[in-house]
C-alpha cells in the first residue's frame, strides 16, 4: 500500500472525466458550472497537496495504472513540476471561467451551455493527463482529446467567424496530430517501447552505439513540427488569431493560457525524459527552435502592432509570448528551460487576465472590440481597466511584474548559452520595445476621458463588476504581482522539478 | 542505389504507406473543397496506421489469438500484438474526428452555400468589415 | 501471395489518387469506400483481424453513412432543389 | 423505367456535384487578395495564374520533401517482417506468453487494450463521447442553425419518405436484421476469444440500427429517444470508468482484487474484459446512431 497522495494524479484525471460525463445529462448551464467549479476546486486542492508532498521531500513517484509496471502498462509520473503546473492550470481555468461567466451565458444558447462545460471538464482532464503521463501513446490520445475539446470551445459561440476559425484550427491541429503519430511510429520501430523511462534508456543506448541516427533525427523533427503546429510557433501560427480572437472570453483565455502550454509541457517532458537535453542539442533541433522562437517574438509583436481589433491584438501577442517559451527551450541549457517553464506559468496568469479584462471592457461599449471604440472604457469598468493595465505592463516587462522576471531569467540563461547570447538579448530587447509600442497606447486609450462608441450608435454604459469578475481579476492580478515579487520559491520548485525529470 | 531499391522492395508496406501519406498530405494542402480535404485527412490517417502496423508484423507468424489456451504459449508463434492495439485506438479517434469535421462542414455550408474553403474565408472576412 | 498484397497496395494508391482527382464528390466518396475495404483486406494480410473488422465496420460502414448524409444536407440547399432555395434566399 | 433511373441518377449526381458547379460568389481579385499562403511576399510580382502555379509547385515540393525524407528513413529502419527487430522484445514477450495467465483473454490484443494499456482505451472512449457532444453542439436543432426553410424541407422529406414504397427495403431488412444483430452481438460478446470487441461490435450494431431506422423509422425513433440515448451513454461510461478506477486503484496499491481470470477460452472468463466490451459496445452503438440522427434530422 503506497501513501495515499500517490493516488491523487490518477484520481484527479478520473474526477475531471467523470465530471464531464455527468455534466452531459444535466441540461442546465448553472448546474454544469457548479460541477465544473467544484471539480476544479477539488483538483486544485489535491494538486496543492501533491505539490507540498513532493516538493517537501524533493522526490517524484511513478504510478502504474493497474498491476503492470513500466514497460508493459500505462503509467503516470508526478513530481513537483507536474503538481505545480496542475495547480496553476486549475487556478487559471477557474478564474477564466469566472471572468468570462457573463459572456458564456450571453454568447451560448441556453440549451447548449451544459455541453460547453462538458468540454471544459474534458479539457482539464486532457491537460492533466498530458502533464502526468509517463507513456507517449497516452500523450497522443490525450492530445486528440485536447484538440477536439479546444475546437469545441472555439465554436461554442456559434457565429460565422467562430465556425470558420474552428475549421482552420481543426485542419491544422489534425495535421499536427498526424505528424506526431508518425514520429511515434518511428520511435516505436527503432526502440520497441512506448513508456518514457525505457524509451530513454533505449535512445541513450542508440546514441552511444550510433545506430539509427537518421530515423532518430527525422522523428525528432516530425515530433517537434507536430507539437509546434499545435502550439502555434511562428510560421504555423496563422490559425491562432482567428480562433483566439473570435471565441467567447473564457474560451480565448483558456486557449491562450493553458491549451497551448499543454503541448509545450509535453514537448519539454519528452525532451527531458525520452532524450536528454544534451542529446537534443546534439541533434541541432534546439537551434531551429531558438531561431523560430526569436522570429515569433518579433513577428508576433509586429502583427499585433498592426491590429486594431482588441482581442486579435492580444491573440497575436500570444504568438510572441509562445516565442519566449521556445526561445528558452532553444537555448538548449538547463537555465533556458527553467526560464521557459517560468514563462509558461507567468503567461498562464497574464494572458487570461488580459482576455478577461478586454471582455469586460468591451461590454461597456456594446461588445464592440475595436480599440478605437474602447476609448474611456477603463473609466467605466475600473476593475477591468486595472486588470488590463497590470497585464499589459507585465507583458512589456515592468519590474515587480511576472513578465519582467521571465525576461530576467531568459537574459541570464542567454549569457550562459553556447552561441545564442547576442541574438537572444537582441530579440528580447526588440520584443520588449515592440510590446510597449502596442500595449501602452492601448492602456492610454482605455483610460482617456470621453468615449467614441457613440459613432457606432452604441451608448457607453458603466459596468458594475459582478463578484465573479472581481474574484477572477483579483486572483489573476495577485498572481501576476506575486510571480513578479516572490519569484524565488517558484523558480526553486521549477528547477527542482526539472532536475528530477 | 541498387542497395536502396533492394531495401525498399523488402519494406514495401512501409514504402506504400509513405506514398499514401504523401497523397493524403497533398490533397489536404491543395484541395479547396472541404469534403475532399476531409477525405485526404482520412487517407493520411490510414497511411499512418498502416505504417505503424507494419512494424508489428513478423514473417511466418499468425495473428495473436490463441486457439488452445491450455498449451503453453510460445512467443515465436505470434506476431507483435501491440501495434494492432494502438491502431485500434487510432481508428476510433479517426472516426470521431471525421464526424466532427463533417458536422462542421454542414454548418459552414448552410451559412455560406459553398464548400470552397477559400471562398468561405473571403466571405467571412467580408462580413467582418 | 506477395503478388496479391502488392496488387492490393497498388490498388490503395490508385484509389487514393483517383479519390483526390475525381470531379464528382459522390465518386470520391465511393472510391474512398473501396479504399477502406482494400485497407481492411490488407489488415487481414498483416495478421490483424481485429483491425480488419473494425475498419470494415467503421471505414466502409459508418464513415460512408456520415459522408452520404453530409452530401444529402448539401443537396438540401443546392442542386435540384437548392436552385429554388437559392432564389428564395436572395 | 431505365430512363427514369437514369434521370434520377443524373439528378443525384448533379446535386452531389452541385458545390463545384457553383456560381462564383467571389471575384478572382478578392480571392487572390485574401488567399493566405506562404508566398505572400511575392505579392504583386506574379499574375493570378502564376501565383496559383507557384503555390501549387510549393505544395508539391513540400510534399515531395516530406515523402522523400520518410522514404529515405525507411532505408535505415529495421527490415519489414524480420524476426529479432527491436519491437520483438520483453514487452511483446510478456504480452504474448503471460497474457492468458495474467489477464485471461485468448485474444491477446484485447488483453493489451483493455487491461495492460486500459487508460489509453478509456481515453479513446472519451474521444468518441466528446465527438458526439461536439456533433450535438453543432447540429442539434436550435434557433441558430435551423431556419424555417430547413424545417419545411425536413417535413417535406418526411412526407416523401412516408409515401415512398419501401416494401423491398423492408422485406430485405426483415431478413438481414437478425443476422446483423446476431453478428454484432457475437463480435461484442466474443471480443476476448476471437477478433472483435467493443468498438467493432458496437459499430456493427450501430450500423444495423441505422439500417433499421431507414426501413421502420417510427419504431426505432420511439425507442431511441434522447433520454434513452443519454441514459445508455452515461451508464456505459460510468460503468467503464468506475471499473477502471477499481482496477487501477487495486492494481497500483497492491490490494487484493476480486477480479479473477476465469478459465481461459470460456465465454465467462478474462475478468473485466467482457463486461467492458459490452459497455463500450453499447456506447459505440448508440453514439453511431446519434451521429446518424443528428446528421439527418438534427434531433434524436
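A, B, C and D label the chains in the order they appear, each numbered from 1.
Note that contacts are C-beta pairs under 8 Å (C-beta built on N, C-alpha and C of every residue); 3 or more make two chains touch, one makes a residue touch a chain.
All of these numbers come straight from a predicted model, not from anything done at the bench.
Simply put, of A-D and B-C, more C-beta pairs touch at A-D. Averaging Cα atoms per chain gives one point for each, and the point farthest from that of subunit C is the centre of A.
Between the CA-based centres of subunit A and subunit C the separation comes to 37 Å, rounded to the whole angstrom. Taking each chain's centre as the mean of its C-alpha atoms, subunit A lies 29 Å from subunit D.
Between subunit B and subunit D the centroid-to-centroid distance comes to 13 Å (mean Cα coordinates, whole Å).
Within subunit C, the positions touching two or more other chains are listed as 25, 49-50, 54, 58, 62, 66, 70-71, 73-74, 78.
Residue positions of subunit B with contacts to 2 or more other chains are 12-13, 19, 21, 26, 33, 35, 54-57, 63, 65, 82-84, 86, 88-89, 91-93, 95-97, 99-100, 102, 104-107, 109-110, 113, 115, 121.
In subunit A, 137, 141, 144, 148, 151, 155, 182, 188-189 are the positions where the chain touches two or more neighbouring chains simultaneously. Taken as a contact graph, with one node per protein chain and an edge wherever two chains touch, the assembly fits none of the named shapes, being neither a line, a ring, a star nor a complete graph. The full set of touching chain pairs reads A-B, A-D, B-C, B-D, C-D.
Of all residues in subunit D, those touching subunit B in their complex are 19-20, 22, 25-26, 30-31, 34-36, 56, 59-60, 62-64, 66-67, 70-71, 74-75, 77-83, 85, 87-88, 91-93, 95-97, 99-100, 106-109, 111-113, 117, 120-121, 124, 127-128, 130-132, 134-135, 138-139, 145, 150, 193-195, 199, 264-265, 291, 294-295.
On subunit A, the positions that touch subunit D within their shared complex are 1-2, 6-7, 10-11, 14, 17-18, 20-22, 24-25, 63-68, 71-74, 109, 111-112, 115-116, 118-119, 122, 125, 129, 135, 137-138, 141-142, 144-145, 148-149, 151-152, 155-156, 158, 182, 186, 188-193, 202, 212, 214-215, 218, 235, 238. Residues 11-20, 22, 107, 109-110, 149-150, 153, 187, 195-197, 199-200, 203-204, 206-207, 210, 288, 291-292, 295-296 of subunit D are the ones touching subunit C in the complex.
Within the complex, the subunit C residues that touch subunit B are 5-6, 9-10, 12-13, 16-17, 19-20, 25, 28-29, 32, 35-36, 39, 42-43, 46-51, 54-55, 58-59, 62-63, 66-67, 70-71, 73-74, 77-78, 86.
The part of subunit A that touches subunit B in the complex is made up of residues 137, 141, 144, 148, 151, 155, 160-161, 163-164, 166-168, 170-171, 174-175, 178, 181-182, 184-185, 188-189, 194.
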